[in-house]
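What follows is a pair of complexes built around chain A, which joins chain B in one and chain C in the other.
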Partner chain A sequence: MISAVYALIAIGFTMIFGVGGVLNLAHGALIMIGAFTYLAATSAAIPPFAGFLLAVVVTAAASYALYAGLVKYIEDNIVITFLATVVVALLLTELVIIQFGSAPSQLLPVISGTIYLEAVGTRIRYVQLLAFVVSWIAIGALWYYVTKTDEGRSILATSMSTRGAELTGVDLQKVKSRTWLIAGAFAGIAGVFIGTLQSTSPQMWLSPLALAFIIVVIGGIGSIKGSVIAAYLIGYLETASVEILGPSFQGVLSLVVLVAILLLKPNGLFGRELVHE
Partner chain B sequence: MTDPILEVEDLNVYYGKSHALKGVSLSIDEGEIYGVIGPNGAGKTTMLNAIAGFVDYEGTIRYRGTDLATVNPQQIVRDGLIYCTEDRDLFPFFSVHENLLMGAQFREDRDAVQDDLDMVYELFPRLDERREQEAETMSGGEQQMLAVGRALMSDPDMLMLDEPTLGLAPVIIQDISDALERLSEQGLTILLAEQNSTFALRHAERLSLIETGEIELAGTYEEFHDNEYVREAYVGVH
Partner chain C sequence: MANEDNNTLESDRTGNDAVGRRTFLGAASAGALTTTLAGCMGGVGSGGGGDDVFKIGHLGPTELQMGRGAERSAELAVAELKDNGGVQGQDVELLSEDTGGSPSEAERVTQNLVGSDNVDLLVGTFVSEVTQGIIDYVAERDVPFIITGSADPATITENHGQDYEQYKNIVRTGPINSDLQAEGMAGYASHLNDLHGFENFSILADDAAWTGSFRDILPDLIEEDSDLSVVHEDRMALDTDNFNPFLDDAADADADVVMRFIAHGGAATFTSTWAQNEYPFALEGISVPGMSPEFWGATNGTCLYETTSQSGAGGVSELTDKTMPFVEAYEEEFTGDGQDPPSKPMYMGFNSYDGILFYAKAAEEAGTTDYNSDLDAIVDAMLNTEFTGAAGEISLYGEDSDYPNDLKESRNEDGIISNFPVTQWHEDGDGGVVECVYPEQDATAEHVVPEWI
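Entry: the complex of A and B
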């Protein structure tokens, strides 16, 4: 079920790369912003559901601010942009350490309790189920937006051909702003659920970011569908690795698949050669 | 006499130390087909790129009286000046239908958009037959039709076509030719940049010849048709 959350992270990461060619290493730090905003909200006695909404809004705003306040001015230089997002990620991590300390914190679940799923013979937490449902609602809403509306379709179009988008009167600044907002909102949702289901610490973003990177490469850079399928593939491979090889080898099968994909299908399962000018 | 729809005055473009366009001036009237001919690398595409706002330039370009230096490429499109590039710049993984819808993405007159969609499918029946086909899987000729169709979906007042016949089979060139004639009859202004001088001379009412970034000759169709240098160097008729 956590795979759907990883898909959210990977989709945000791949959309930002798709429309602007930016490898946003601060995307992981946005996950952390989401988790810590939720922590701060619930610590201040704000109800969990309201805290969750606040975390999503704050993370989306932070993502937009990162674009409008920094990336927008340097995005023509890929290397400088890449390095700047690394610096922002490290800076945000330090700020969180100063504010909250470096020890892991426990998040109050958005919804408490557990449920026994007879069909699969296992007991799961409601919050796991909620993470799955909310993630799929978000993915479904995004899919509708980018395939059925002019505004959303412009995002996909820009990821295929920037010049084509300009020729059809697409406002590239608006498309990029919307993309960073959506990616930020998705990172906020992911942050709350990963923080709840795994751990909330200033380093919590490293592993999801690495996984998102693997997912995007396997699924194909720029492909939303590829990100979703690859997220589930990675999820199953990690579970299989733990069951077959043991907990210490959790990432082994994923890495094997990653290497195989890079060798056999370098553009990924649903890779599309981007037509950036 | 009506005001020109497009005026280019003393246009200069530099690529580093290379002086790509040297003081180009021309004026295009509403409803005419204006041809720009010249060899590969003469500066035709550079001129269109400057008009569309894709390269920096010196000089003045006015569209319907507005200095285009003051507006961005998106606004130029929204004002009805649409550019079909030589590379076509389609959305490769969108279907024909989605590519056409993208041409109209900024329009709010939804009923008129549907009418234009019907018009494009009627103008290019091959596109109608391939509505769901991805653009990247189409032939060069079909992609060219789609590029023109997408441009028409933007409800243009003026169309700039860069090498619309390059690499196309004669039968497809005839289809493009027929479409241009119909669009011209409907009053659309067309700026046609072509190495294929025969094609340009077939359609244009006035023309310019560009060589090494400069306009060497400008005049009417008759003047070009009767010019010995043009006939020998560009049309292949002696």
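Entry: the complex of A and C
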């Protein structure tokens, strides 16, 4: 179920890389912004659903601000961008600690309640179902956007070849801004659900970011389809590890697959499928 | 060519550097030697009571609520000592250091406290791995060290038990070690059986040193009561963030009670996973984050009905006549608008406060704080001191017992360990309130079963 949320994170991460060649290590921090915006909103007695929308909007805005205020000026230098986004992530972590403290907190679920699946002996919270549905709606909408609309196709075109896209009259700045907005909105959605299902703390961004990295490497950098498939692959592998090896070995099989992919297919499962340099 | 030039230049520079470095090293070692000598002389001087300040070094992870509560409680103890004329006529000073919960950082700050600041007493350490990381150094330096946070029995059995002479300057005044806590927990399990008829127990423990006793001896202790059985056991990695599989397994095993022993940040997630899914068992055991008075807010109230054992009983029950005055003093000083949590001392706060006052009393008995020449007198005095603290009675096991220098458990007339209170979150209007539910003589409310069971 949570695989869909991981796919959201990975898609945002990989889109930014595909379009701008930027490894945005502050992507995890955007997830944190989403979760803490929701936390602040719900503790100010704003209803959960409105808080959720607010979190998505704020995170998208933060993502855009990150691009327009910083990355835009340095994106030609990969190393500087890489380092600058790390610095932003650490800075945001400190700000969150100052504002909210370092102890983890739990978010109010957007919807509460649970169902017991007796046949498989597990319980699913409605909020898990909601996370699944919302993530898939978002992924579906994105898919429609980038394949069926001109605006969206310009994003896809840019990630295939910047020069080609420019030659066909694509405004690069606009495309990049749009990409950052979408990636930010996805991170906001993911942030609220991860903050609800796991924990909301100043360190919460690290493991989703690492997972996004693994997913993107397995799926192929720059590929949306690859991210979705790899996210599910990782999700199933984690579940399988829990079933076969026990809960403490959750991450083992996915790391094995990561190493195997790096050795056998360094471009990932769907790497560079659309690139025609 | 260009490269060769660069190389030559580089190596030239390196040569210059090397000379510079040698000179620097020489100067530095001379400096270090002087400092060491000065340190030795200083050590003798201060250990001999030459200066008229009694310095207490407090060690704890002060960025965590637990550590901050302990640091503040130590401040209260020092203020109290000052008001009463100091220790052995000396003024008292508190030096508090943040261990960050890491053995290497703890080693560094401890060496500073002992080597440079010449503290007369060390108090604290929350993480068992930290305690064990500094224990050899502290034993070497003979400075009295009162453990007030970590509960791993191996700290005592693997050190004092092997070479008492070497480690005699180290004592623990609280909490009772986890072997004894496990016995207390088994008594509590029987109590739950009497109260609600719970029979099947699951034990889920952090994969860390402090939970060793709960994993190894608690199952047998529970099953000593023939009505009870342990139907499920597992350990959880410290970075676990998905607790569904563990709780599913416990539910599949028909557990009536899950006893979880958890000290890391995932505790809030554990709690809300349990409550939001309405898993059909009670949540008992020890949750260190769950001891925070602010846990209700952090979990959005999902901690309702969960319990934890904690020495000091969260400051809600009058364990001794010192409990409430201490809690009130803490609240007056540190609770209110603009103050960081915790709003109550938490267990290590109780123990650090008690530990410092306990040592002051022992020092009065011994008539000295000079650990360099009178360590035996100080240790004897500590072993003979009986002290009523805010968390309970403090007296220590002697050299020939299983746990030398460790806090003795208190028992009631039925032989049940009684300085092992259990607290539960209850509803209070829109918010939550901590109630002491065990042992019965200290209880402020009766244990409640989650309404969905």
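What we mean here is this: the second predicted complex is superposed on the first by the 265 of 277 C-alpha atoms of A that agree within 3 Å, B and C clash if a C-alpha of one lies under 4 Å from a C-alpha of the other, contacts with A are read in each partner's own complex, and residues count from 1 in each chain.
Here is the rule we go by: a residue touches a chain if its C-beta (ideal position, glycine included) is under 8 Å from a C-beta of that chain, and two chains touch if they have at least 3 such contacts.
What you see is a predicted model, and the numbers here were worked out from it, not measured in a lab.
Undergrad: Fit or clash for chain B plus chain C once both are placed on chain A?
TA: fit
Undergrad: Using C-alpha centres only, what angle sits at chain A with arms pointing to chain B and chain C? Round to the nearest 10 degrees.
TA: Given the fit on chain A C-alpha atoms, the answer is 150 degrees.
Undergrad: According to the contact criterion defined above, which of chain B and chain C contacts more residues of chain A?
TA: C
Undergrad: Using the superposition on chain A described above, determine whether A:225 touches chain B (first), chain C (second), both, or neither.
TA: After superposition on chain A, A:225 lies in contact with neither partner.
Undergrad: Where does A:72 make contact in the superposed view: on chain B (first), on chain C (second), on both, or on neither?
TA: It touches nothing on chain B or chain C.
Undergrad: Looking at chain B versus chain C in the superposed three-chain picture, what is their shortest Cα distance in Å?
TA: 19
Undergrad: Looking at the complex, which residues from chain A come into contact with chain C?
TA: 2, 101-109, 112, 114, 121-123, 125, 127, 197-199, 201, 203, 207, 242, 246-248, 250
Undergrad: Would you tell me which residues of chain B are touching chain A in their complex?
TA: 52, 54, 73-74, 77-78, 82-85, 87, 89-94, 98, 101-106, 150-151, 154
Undergrad: What residues of chain A sit close enough to touch chain B in their complex?
TA: Result: residues 150-151, 153-154, 156-157, 160-161, 163-172, 272, 275 of chain A touch chain B.
Undergrad: If we count contacts the way the header does, which residues on chain C are in touch with chain A in the complex?
TA: 63-65, 207, 234-237, 239-242, 244-249, 251-252, 265-266, 268-269, 271-272, 276-279, 289, 292, 294, 297-300, 302, 340-341
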